[in-house]
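You will see chain A twice below: alongside chain B first, and alongside chain C after that.
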Partner chain A sequence: MAKAEYTVLGTDMPRKGGVERVVGKGVYGIDLNLPDALSGGVLRSEHAHAKIVNIDTSEAKAIPGVRAVVTAADAPDVRYGRSYIDRYILAKDKVRYMGDPVAAVAADSQALVKEALGKIKVTYEPLPVVVDPEETMKESAPTIHEDMPLPKNLPEGVQVKNVCGYAAVNIGDAEAAMAEADVVVDEVYETKMIHPQYLEPRIAAARPEEDGRITVWANAQAPFPVRTEVASLTGLPLNSVRVISTGIGGGFGGKGSGVTSSAGLEPICALLALTAKQPVMIVMDKAEETISTTIRSGCKIWIKTGAKKDGTLVARQGKVVYDAGGYSGFGNQAGGRCTQMVGGWYRLPNIHMDGFTVYTNKQVCGPVRGPGGPQATFAMESHMDSLAAELGMDPIEFRLKNVPEKGDGIVGVPKLRDSSLAETLNTAKEKIGWGKVKLGKNQGIGFATGAWIEGAGPGGGAVVKMNEDGSATVHIGKVDYGTAAPFGIPMIVAEVLGISTDDVTVLNVDTDASPWDAGTVGSRSMLVSGNAVKLAAEDARDQILRMAAGQLEASPEDLEIVDRQIQVKGAPSRSVSLASVCNAGHNEIGDVIGRGYFDSKASQADERERGSSQPFTTHAALVEVDADTGNVKILKYVAVHDVGFVVHPKAVEGQIEGAAAMSLGQALCEQVVHDSDGRTLNPTFVDYLMPTINMLPRIEAVTVSGYPGAGPYGTKGAGEIGSVPPMACIANAIYNATGVRVRRLPLSPENVLRALREAGK
Partner chain B sequence: MDYFEPKTVSEALSLLDQHGDQAEVIAGGTDVMVDIKYSDEPGCLVNIKRIPDLNAIRESNGGVHIGPLATIHELEESDLVRERLPLLWQAAHQFASLQIRNTATIGGNICRASPSGETLAPLLVLEAQAEVTFSDGARTEPFGAFFQGPGQTSLGSRGLLTGISVPFPAAGSHAVYLKHAVRGPMDIAMVGVAVMATANGDKTALDDVRIGLGAVAPTPVRAPKTEALVSGKALDAALVKEAGASAASESSPITDQRSSGEYRGWIVDALTRRGLEQCWQALTGKEVA
Partner chain C sequence: MGLEIKLTVNGNTHTAELEPSTALVDFLRDTLGYKGVKLCCNTGECGACTIIMDGKPVNSCVVLGADAAGADLVTVEGIADGDELHPVQQAFIDTGAVQCGYCTPGFIVSLKALLDRTKSPTAEDVEEAISGNICRCTGYTKIFDAVDLAAKRMS
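And then the complex of A and B:
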């Protein structure tokens, strides 16, 4: 789309709230300063799997200044969960990972909290621990949840245990078609757990109010699901719980509590506040976060694909074992998505995949940036390179041979109305210089494609309330997470209403006032709140133009708003100020309040009818491998994306760079390391290796256009897809450089050198 | 937790005598502050940072005297260190981030006695001496005797490191410090290798080869067999290969969450080869053939 079509959209206006963040104003959860708040803290299990025989809190309660000590016995006998309702607010009867919350304390100071936590005596009866997702499925493994049934959709005759989710892909007849293939490649891949490691710690604060209600502050991505959990786990009705979103210093899905049903910090804080009858605030410690909050799971992936000599894909079979951890959390959703994505996004008529999501004695799976996708793609796109090598084909040509086109279906999408995959491949090839760059010793180029299918999900609303000076106050249900709320949302409102983004205030979420929303997850902020706010702004504009029409003696259709003036199209001298109309509105219709709702069902029906346009991407990397140490240096990195219409180019670029950097961390060094007892060996940033700036290349983000998506003005989600290809991309570049295929993450110096030595290099 | 800020060495020593094992000495605080956060607090903190004149870096008796309170960044900024002790300078330069270098002291790095401490293997190779002071007197000893195990030094709980004496290396010597870590300088070393050597008169062989290994034994260690293997010889590819394997066999690395012991051995091998090759090239002007 030509930029000239729009005044505001397509520009790089500064982030709303950006200056405050840069200069260190108190915008984050941790900056919250509640008068008279007690400090709160959580006692966490020191066993990965054990029966709780007894909890003695008497000594802790006796400490002067300790105002509340709570255990599961102090809460209603209610469990929570998403696919499996398998978790209490605090562990009851059993603990299932090291870090599982067992009790909580509120006291006058942090030091007293620490002291009191140390005085709670928990008697455990240790049980056998299982940390390996393959082992847990065996008959001999300990049972992690005694009263949770196997999934209802498990195929007949499958003998497994500790399985809490099953997903299948069945397209065509993979077994028969495999027999017809000229070339078959069969491989196994493995990824490790990583923690999202947002820099701002998780917080929760809760204040009991005079009227019996409770106010909860959370730096969570999903305030409404948090409200649901707080209400259910403390026994309050929803209208007695108010959740206010603070600013958020990164979350990447890790702060999706309520959505993941696996962190429980806000309900625990609320229980403490209700017990103490005083405000309580809990701030988590980094090491506590790393061992106890939700993570991107590790998984093992078996993938076998057959192709014709000319490179045409004919069949794929495979299996995924996905680690949910001690509770089901988001495991079933992420494991299911992973299973689908191992099926791929190429033209492939015969696919059979089995996906098992399993309980282990580890921390719980959350919806971390592209849940399931980066792991699936590490396997699937590495495997595509292995196939290309086996066929003796150029990896780009091989992929181009199999890209889906308009009218094709891919896993999870019955019909595409267009396909940008080929364009992203060709652009990446060009930008990285494939076939043109002269490669030095141990240098190589790798590619990997990616997709992030925009799945079904709930809709959401928006309210645009006009003020009498022509400015607008906007309510949406998505939190300010550095994405749509401070960029796309004010830009859409400004565009529709002919005002500046400075005239638009987007309120952070307050469940008492904001429209309901499922959570700021799934790359859906623009799709849901963007579509809703566009409709809401248009509704407000229509109300304004109807009022102005009388004053200007014109029909509303002939009016436009330009730079806060309402004018007759083609006769700009016939105008009246937006402010005067909004002001006059008080005497006519009360407030000008525009309302909009993204109708998810209608949108999905439309996409089925017309076919959908999905975001696709190709990343390319040039690396150099140190054959003596196994160290991999990324010399150049290109990320080509179709994200539909680009509302704010810099914000999109930032999303792509951030997502790629996050997965490059998992590619090169990140992992949560457990011992066989289920203890996390690297809980702090000294030992948990996040990539530092000296490891990361400049990421050249490139967008292709002409494939409008289902979002407002044709946007597509951009927050997660950038995290999908990097691991496979680097693995493929290492293969190109050395001829050695590394099938286990991370591609750390040790794993790479070991693979080189095993290959005799 | 009690907190003391002694103004003199003797005041500090009497506090250590008084509090024994309960006292923790703090200077830059880059390790101690982290420990306090993640483990039990010590009985008291003795902050020696305010003791004057313990941060000097100056020429003294054919070498460099370094005060233990000199920060790593002060070493990095010192012309004397850069010109006369390039090995120590390289280690300081690869030491964590600038923020850490600005506050961490060389004395802290030494007394922490972590096998991976960046300056330790270089000090062994430079054959530096520790000046250790107790309330009943001071002595000097080589760092080989000073380091007794992970976190263990000859200071025990009652001594203070009050000076570091580093003799100037022989004229014409060359030295390299090679660090391997996943994130480069921003990380704790998985392996650190310090190599120093001189050439004979006609530049046909290496003399006085010294090799120090960090992070691959309970203390930083020298590799004496490997040093003997290559000293007095011309380096060729076969000898370099042999030396790498020899150094690896002189190390005894552990397996932990950072890497396996086996991998650390491979890296000792690789970095020793690299260090020797670089010294050979610098000293003779020739590549190892």
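And then the complex of A and C:
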């Protein structure tokens, strides 16, 4: 698909909403101005595991200016969750991590909120705390959820405790095949918890309306799931709840998993507003967020792989223990995906994996950028390098020997429509200069590949409403936080309708008006809303051309729209303006409203018939390791991706670079640290280290032609896959530089130096 | 209410009251309405609330509002010349350096302060000037590009 086919697609049009953001007029959740709103705040548990014996709110309620104090007793006896429905709006009977919400206050000022929170007397009976999921699985461990059963799919005879998710991969006969291998490598890897640390704090605001409804404002990635849960947890009918998405300052999945990700902030705020009968707004403090909202879990991965002398992979066995935290959250989904991905995306006929997702007394797992993928890949792709070394093979050649091809299956994908993994490997090899660049002392090059399975998943719609001047107003269910909504979506509408992106307005989500959507998650904005909006714009165009056909005395099929003019193909002088047709439409059909939806069932059928199209990637890094300090400096970083057709090159590069940077942060420095009591030791930005501009190189994002994806015009998701390879890529570069394999994140000076010393270097 | 202070923001003189304990970021946002100054870490680490105070870039979350008495402040709202964007602002848009955009005001103010100090900053000057600004969306690559483009257009 050459760019020349298109007028708008493939160009770098300026971000919608860019001007207001650079002049400080971008309105985010935190900038919401809600007249007469009370301030709200949440009391959080000071114990990681304890029984709640009593909560006395009388003193707090007696403070003048305090308008509402709520606990679980003030809410319906209803719980929420995804695979396990295990969590109350506010902790009831027990707290399960330090940061668990226990009570909430609304008052005339923030100072009064603080005072009232301090006057709530909670009597706890502390229980033994477990922070290590391996310990928590043992029979001797304390029980974290008394009434939650073990997963139904657990294999017989497995003796475990506190497990809230089990995933298996069973392909071929791994045990028998392993015995036939010439070389077997058996390793254990470990990753730590990180927080997504989007910059805009979470907010929630709620206003009871005169008609008995409630309006909720949220800077959440999934306004419709928030609506469902607010209704359920406050006891209001669904149609009495309206959720409006504010502008959003970053999310990365951290604002993604319904109300789970915010530790219930939206329903808590709604409960306060309903109790006080006044609007309430809560703004979280960043340290409060680090201890209470959802995170990327740490996990431990056992991986053993056998190969033939020529490098052919024959068998893999392994186990994943994935930390869910105090509630199941997104743990089962992320732990399951992690388990699959340790199985890998190479040709491997025999795989057995067991994945356990386990409750602990820590923050709850959420769907942070590529949930489960970066951790799995740190283990899997480091392990591939260990195997290459054991076999005495070049790491690129070893991988190329095992790449899947068209028609092959990989874990989670029965049949690939095609494969571009080899293309990304070869391009990365060339771009980084493997075998060509002269390496200095303690310098090394590492590679890691990645995949991020794109499947049919939930559907979603779009509405394109034409205005009488020929401009278009677009409703989708995805929010604008700098991904497809302000870049690719308006471009598709402009392309189809022959108008400029200046003529397209994409509205943010309002559950009263927008089409339902599962959320701006899973690298699915182009797949779902992109496909839907293309069909909606085509539907609008067809209606317009039918109306214009009479005026131009031509059939609709012979018409096209070019630069806001409807003209006869091949005879452009026979034309009429788009605006005049839209305007005249008022007297015929009212207005032109195009509708489209992403047809998940059709997409599934297509996958079955033709195979599934998947994105693939290879990253390459050149690093220098300081043998005295253990410090790792990245000198060059290349991220090669097949993301199918590229609608907006700079936006796609930006997604890849940002995703890579987040995982480079986890590779080098990021981690949430706990003591044995479950206390977070680094909740503020002073102690939670993140990459700044002087820590990172300019990431070179390269897109290869690959093969078309299931998105509009052949796009594939690009938001998460960039976060998959970096941790392994850096670990492999350190190995190449020093001969030392570091199997535990972060690859901080401390951990690298320890590994060097242990290896006698 | 406590103190009454007088200060200049983006060339406009304001007289307003504030509690002695109010942080400058809150005073600018909530009392004076400069919401382009972004609130984030409250510990002076992320740079989202950067403003120029008497010629120097500061994190307004770790400055007391009262300390701005008599000061001359510039926020992101005061950097464009009417409808004409500053070259740094235009470059952020043109290079795709604005994703969610929440960190953008802080970066633009830090770079403006740098360009006020020196007309031809070195790469090290630039890195130093924005090493206190965290961006979680872009991985900084497009921000490097924006700085390069702005420098090229200004030279």
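What we mean here is this: the second predicted complex is superposed on the first by the 753 of 761 C-alpha atoms of A that agree within 3 Å, B and C clash if a C-alpha of one lies under 4 Å from a C-alpha of the other, contacts with A are read in each partner's own complex, and residues count from 1 in each chain.
By our rule, contacts are C-beta pairs under 8 Å (C-beta built on N, C-alpha and C of every residue); 3 or more make two chains touch, one makes a residue touch a chain.
Note that the coordinates shown come from a computational prediction; the quantities given were computed from them, not determined experimentally.
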**Prompt:** Given the superposition on chain A, are chain B and chain C in a clash or a fit?
**Reply:** fit
**Message:** Quick check for you: in the superposed arrangement, does A:Val23 touch first (chain B), second (chain C), both or neither?
**Reply:** second
**Asked** Which partner does A:Asn694 reach: the first (chain B), the second (chain C), both, or neither?
**Response** both
**Prompt:** Does chain C touch more residues of chain A than chain B does, or is it the other way round?
**Reply:** C
**Message:** Just to be sure I read the superposition right, which of the two partners does A:Trp452 touch: chain B = first, chain C = second, or both, or neither?
**Reply:** neither
**Request:** With the two complexes superposed on chain A, say which partner A:Leu681 touches: chain B (first), chain C (second), both, or neither.
**Result:** first
**Message:** Between chain B and chain C, whom does A:Phe398 touch in the aligned arrangement: first, second, both, or neither?
**Reply:** neither
**Request:** Could you read off the angle at the CA centre of chain A, spanning the centres of chain B and chain C, to the nearest 10°?
**Result:** 40
**Request:** Answer with first, second, both or neither: which of chain B and chain C does A:Leu668 touch in the superposed model?
**Result:** first
**Message:** Looking at A:Arg754 after the superposition, I want to know if it touches chain B, chain C, both of them or none. Which is it: first, second, both, neither?
**Reply:** first
**Message:** Once chain A of both complexes is superposed, is A:Phe378 in touch with chain B (first), chain C (second), both, or neither?
**Reply:** neither
**Prompt:** Looking at the superposed set of three chains, what is the minimum CA distance between chain B and chain C in Å?
**Reply:** 5
**Set intersection of chain A contacts, chain C complex versus chain B complex** = 287, 684, 686, 691-692, 694
**Asked** If you look only at chain C, which of its residues touch chain A in the complex?
**Response** 34-43, 45-46, 48, 75-77, 79-80, 85, 89-90, 92-96, 98-105, 108, 127-128, 130-144
**Item:** chain B-facing residues of chain A, complex
**Value:** 287, 628-629, 631, 668-669, 673, 681-682, 684, 686-687, 689, 691-692, 694-695, 748-750, 753-754, 757
**In the complex, chain B residues that touch chain A** = 34, 38, 180, 182-188, 256-260, 263, 266-267, 270-271, 273-274
**Asked** Contact residues on chain A for chain C in the complex?
**Response** 12, 14-15, 17-19, 21-28, 30-31, 196-201, 248-252, 283, 285-287, 481-483, 650-651, 653-654, 657-662, 664, 684-686, 690-694, 696, 698-699, 701
